[in-house]
Amino acid sequence: MAYKVKTEKFEGPFDALLSLIEEKKLLINEVSLSKVYEDYLAHIKTITDISRAEAAAFLTVGATLILIKSRTLLPTLELTPEEEESIEELENRLKLLKEFRMFAKHIQEFGRRNTPLFSREAFSGFEFGFLPPEKIAPAVLRSLVSKIIDSIPKPDLLPEHTLAKVITIEEKTKELINRIQDQLSGPLKKVISAKDKVELIVGFLALLELIKQGFFEVEQKGLFGDVELKKAPL
Amino acid sequence: MENLSKRIEAILFIHGEPVTIERLSKILEADKTQIRQASDELDKNLTGTALTLVWKGDSLQLATRPNFSKDVDTLVKEEVSRDLSRASAETLAIIAYRGPLTRSEADYIRGVNSSYTLRNLLIRGLIERKSNPKDGRTYIYQASLEFLKFLGLGKIDELPEYAEFKQKLSAFLTDKPAEN
Amino acid sequence: MENLSKRIEAILFIHGEPVTIERLSKILEADKTQIRQASDELDKNLTGTALTLVWKGDSLQLATRPNFSKDVDTLVKEEVSRDLSRASAETLAIIAYRGPLTRSEADYIRGVNSSYTLRNLLIRGLIERKSNPKDGRTYIYQASLEFLKFLGLGKIDELPEYAEFKQKLSAFLTDKPAEN
């Protein structure tokens, strides 16, 4: 499948997700979110030059998508109330953004079609003569300009760690294959031993990828049991 | 004493830029309710002229009707672009509906940092910012009268389907929308 | 097509200064007799409003009726007695150090729209504007001679750290992206 997402620059995770859903003409719900999950991940992989904060935003949304996806893969998977809430919040925020986006389009088109109103300049035709301000002297002007120069927005320094560097799903996939092949099977918790949240998410993503590709099978022991991974029979 | 609505017309004509109800009330020594009523009257009296009242929240301005834009366009220096980028339009829509709001509220709805877009809108004069009364270190943003003029509207309710959007949006946002 | 008298009204409203019949005839593509007739019609239509048509030789101007001069005086006095706002002082400082510059350049440096503050500085005689030699549709602004004298400067480059600040502001403007 060719991803159009690669050429488009999205404005953050919600814009990306909503655009993907709308491209497929889907409604916003858990089912559609699990359907665009792969496109979303594909998009994340193409991102290179964003700040760490933005990368975190993309990942947080990605994590919620993983929850949704894993529930479709493992129907018995129990979610915590917080997790349920984050899914609900994601859906609501997307719906809200969708409404605003429609409103924005309306404004955009209306502005393009309609002619503007013009007003006149203040005190047009009046001559006031020279009205010097109080408290303005060269030193005051100097300090005003100096403050303005200080507050000039600096071009965003390129983030030290770009998302591309943080998320190397391919690398993690390779590492997981090795580890799981060693153990042959094992509880999910142990297999995805991650140092931080980002790595945990990436690990999970990689794992889902492997399950999807048929490398592994999952099995859950009882309702609250650990999820076990087994190498799929070749 | 001349009729209040005409006195408002005279002030708006000379001042040119938007004037607040508050300031009109001070200059004309009338209370705000009287000013509002007289402004409504002025709005009616302007029907049939080339001029119209642009009214947003507490600010009023006189402007030419859209039908005359082509004639006056050549006289107005500083050409205004008629295009809005998608990011600008989205942010503007949020501010027009929800403003006055802080940057972080706009960020939350868009799911992205809006500072660049806000700066663009400020430069174009389509939104204005004030110091946040709840936190002096931040700003609150609201749509400006320039935004209405850009759309060619006297009031935001004249935007087709505005009521419909308002209703749909209020289903998601429980608290009341900003005064317009 | 809109009625000619209203089109004249729109043009006089925007222009502010007196406009010759000749120029109106050119802008509106109507002959002078038609313009004169339509002006008479406009004069009649303005009865009952705060505005009136003033003939100055061969020129026409829209103005407020004398009955409103007291209100207009109050407005003017109030405007004149106001000290410079922070926004105006900032804009003035930018023009002093970086002028001559266009409005959009001032807007870009400040990050907000400057049309009102520029107007305010102009009517106070602190800055002056000329047609932009690079783009006839826009103006360029610079500190007025009177303001320089008021500051006790012979030339603008006698401002403290003039060269360094000017260079920094120019560098920022060079990075200015295309209009959004």
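Each chain gets a letter, A, B and C, in the order it is written, and its residues are counted from 1.
Everything that follows uses one rule, which is that a residue touches a chain if its C-beta (ideal position, glycine included) is under 8 Å from a C-beta of that chain, and two chains touch if they have at least 3 such contacts.
Predicted model only: the values in this text are computed from it and were never measured.
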Query: If you average all the Cα positions, which chain's own average lands nearest?
result: B
Message: With centres defined by CA atoms only, which chain is the most remote from subunit A?
response: C
Field: Between subunit A and subunit B, centroid-to-centroid distance (C-alpha), Å
entry: 33
Chain centre separation (subunit B, subunit C; CA means) in Å: 21
Message: Please tell me the distance, in whole Å, between the geometric centres of subunit A and subunit C computed from their C-alpha atoms.
response: 46
- prompt: Which residues does subunit C have that touch at least 2 chains other than itself?
  reply: 13-15, 76, 79, 111, 116, 119
Task: Return the residues of subunit A touching two or more other chains; collapse runs of consecutive numbers into ranges.
output: 118, 120-124, 126, 153
Statement: Within the complex, subunit A is touched by subunit B residues 13-17, 52, 54, 61-70, 72-73, 76, 80, 82-84, 86-87, 89-90, 92-94, 96-97, 108-113, 119, 148-154, 159-161, 165, 168-169, 172-173
Statement: Per the touch rule, the subunit A residues reaching subunit C in their complex are 118, 120-126, 128-142, 144-146, 148-149, 152-153, 155
- request: Note which residues of subunit C are touching subunit B in the complex, please.
  value: 2, 6-7, 9-11, 13-15, 27-28, 45, 48-51, 62, 64-65, 67-68, 71-72, 74-76, 78-79, 103-104, 107-108, 111-113, 115-116, 119, 137-139, 179-180
Subunit A - residues contacting subunit B, complex: 11-15, 53-54, 57, 61, 92-93, 95-97, 99-108, 110-112, 114-124, 126, 153
